[in-house]
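Pasting in a structure now, in structure tokens, and then I'll have a few things to ask.
We just call them A, B, C and D in the order they show up, numbering each chain from 1.
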Amino acid sequence: MIAIIITIMVLEMKVPHDPTFRGLAGLLPVFLSYVLSFIYVGIYWNNHHHMLHATSKVSGSVLWANLHLLFWLSLFPFVTGWMGENHFAPLPTAIYGIVLLAAAIAYWILQQRIIAAEGESSRLRRAIGRDWKGKASPLLYLVAIAITFVSAGLAQAIYVLVALVWLVPDRRIEARLEHEV
Amino acid sequence: MIAIIITIMVLEMKVPHDPTFRGLAGLLPVFLSYVLSFIYVGIYWNNHHHMLHATSKVSGSVLWANLHLLFWLSLFPFVTGWMGENHFAPLPTAIYGIVLLAAAIAYWILQQRIIAAEGESSRLRRAIGRDWKGKASPLLYLVAIAITFVSAGLAQAIYVLVALVWLVPDRRIEARLEHEV
Amino acid sequence: MIAIIITIMVLEMKVPHDPTFRGLAGLLPVFLSYVLSFIYVGIYWNNHHHMLHATSKVSGSVLWANLHLLFWLSLFPFVTGWMGENHFAPLPTAIYGIVLLAAAIAYWILQQRIIAAEGESSRLRRAIGRDWKGKASPLLYLVAIAITFVSAGLAQAIYVLVALVWLVPDRRIEARLEHEV
Amino acid sequence: MIAIIITIMVLEMKVPHDPTFRGLAGLLPVFLSYVLSFIYVGIYWNNHHHMLHATSKVSGSVLWANLHLLFWLSLFPFVTGWMGENHFAPLPTAIYGIVLLAAAIAYWILQQRIIAAEGESSRLRRAIGRDWKGKASPLLYLVAIAITFVSAGLAQAIYVLVALVWLVPDRRIEARLEHEV
């Protein structure tokens, strides 16, 4: 389902009726917003995929935690379009951060539910280690949301920074590339 | 296919051109409508998935019963958008209920066809037990549809109630999380 | 991919801004057009799926024949929307028939390429038997296209008739329901 | 995910409100643009699928190279719609070529990362051989982009030519047709 989210996101980039450089320039904010969201959802896609593969036992609460995460990810096409079309105005930038924050929390909840379902010998617990990225990201999103109305540009810089931190290859995902990629 | 339905539903939430709190407030009905449908289609996704996995034998009529269910589920993006954009007006609320009702009946038919195909020793029959949720939901939808033109708000409250009843984890779906989630 | 086609088709049913019975009535042609296409693409989905499962050997030309079929099927959302929004006017009705015809021919070509790739002992050749449905359908589409500008309603009646003929359960597809349904 | 890209591309062909031959004729550029992109994305779909199946070992950098390729492919619906709606004007034609070029380079990078991950005995390296198609295509795209503002028609002719070269069946993909097709 994350593959579908990432793909339909492009539909929020509306085709301009103007075949000129001006038409193209007008698209720049929407395009940058798209690139940022592509990276975020792409990271979730990879990590979510590998987390589920490291998972051996699942309870009912894991299923709902998973659906909860997918809910927040499903809002990406919307907030991406809103932020881009309004040229990174403060409010859409803050809402974008709230979706980032909610998705990060939902991911953490899902991770905890899986570890709880697996019990003592959880493979996932060992795999994630200290998980400093997972812990620092929500804090950074919170900071970004808080300063949005002071400087939307600074908030966006934080979003980009966190995305870059996650882009750095992670030992955990050094695994066999799966079929559905 | 249910994963695709749930994902494209977000495309009915049109991006506003207004980056203000007013623009955001105007979105509230569409957003609430989206949340309700996300929960409903998410429940169908989980339950449908687990039903098919508990299924060992399939006849041609099962295939058509499955397609029949998918037809009604495929209308969710449309009725969700219609109900949300018209601020939960009575008629779209009633139509929403009719799609809920039709999907519930289609699900029940599919279940019966699978049990019939499996014969005496049907695993699915044992798994669903008395199925009181499956039996009570259509009745509640019927009540909601009937009172829509008296109080659309009451009808919507019933839709929310039924969704919450299904959200309570079910023993039947306490199974291994599948690949395609 | 056929599952995606069938699902995004609903996006061509545009949400009306009018929450009244008049708004609903205005949707009727689009809805009927949607139902017809849902049945057609659903039939292709089932049959295509089972054909590929009965297939044991594939050549490069089979891959292109498959892509060729998917091309025509991918046009369904468009022709469905065009025919519905224009209240079953003659030209969109004729174009709809041309896509039906092209898809039927493409399906037949794919079938032939698979049989050729499998050689003498082709399981698929035995499975399809005399294939009278596959042979009669293109002829009926041709007739329908020809009479569109005399009576679009008669052409549509033929489309409905052929769809119903295919809806009658087929021995060939009495197989195990697959995962991705 | 490539299957989703190819499918949602049809949504950029907007349904005209005009059920006449004039309405149909007005669609021709968008349709031709769609056909060209369908062939390109279809080729990527087949080749990408078979490349991943020939792959036995994957590093983290392969995952990102794969996401990088998917990013450029995800822009196809947009550039296809833009080029078609503006009747193959020079600028959209050049941008289309840039996306073709970037996707070709991204594909090459992905191929190199896989070969590097597999080491000395890479099956993929043997499978692709001298890869003259993969090497010539980016050069031809570059030429096409360069002459766009002289003759957009000539640039488009080059795009068509390269697509046809790839359409010629390739020994490498003569393999078992996969499930998800």
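Definition applied: a contact is a pair of C-beta atoms (placed from the backbone, for glycine too) under 8 Å apart; a residue touches a chain by one contact, two chains touch by 3 or more.
As the structure is a prediction and not an experimental result, all values here were calculated from the model.
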Relative to chain C, chain with the most remote C-alpha centre: A
Angle of rotation relating chain B to chain C [CA atoms, steps of 5 degrees]: 90
Interface numbering overlap (same over half, different under half) for chain A and chain D: different
For chain C paired with chain D, centre-to-centre distance based on mean C-alpha positions, whole Å: 26
Chain centre separation in whole Å, for chain D relative to chain B (CA means): 37
Chain B residues counted as touching two or more neighbouring chains: 4, 8, 11, 180
Chain contact topology (line, ring, star, complete or other): ring
Every chain pair meeting the contact rule: A-B, A-D, B-C, C-D
Residues of chain D touching chain C in the complex: 3-4, 6-11, 13, 15-21, 23-24, 35, 38, 42, 45-46, 167, 169-171, 173-177, 179-181
Partner chain C, residues of chain B touching it in the complex: 1, 4-5, 8, 11-12, 52, 55, 57-64, 66-67, 70-71, 74-75, 77-78, 81-82, 85-86, 89-92, 95, 180
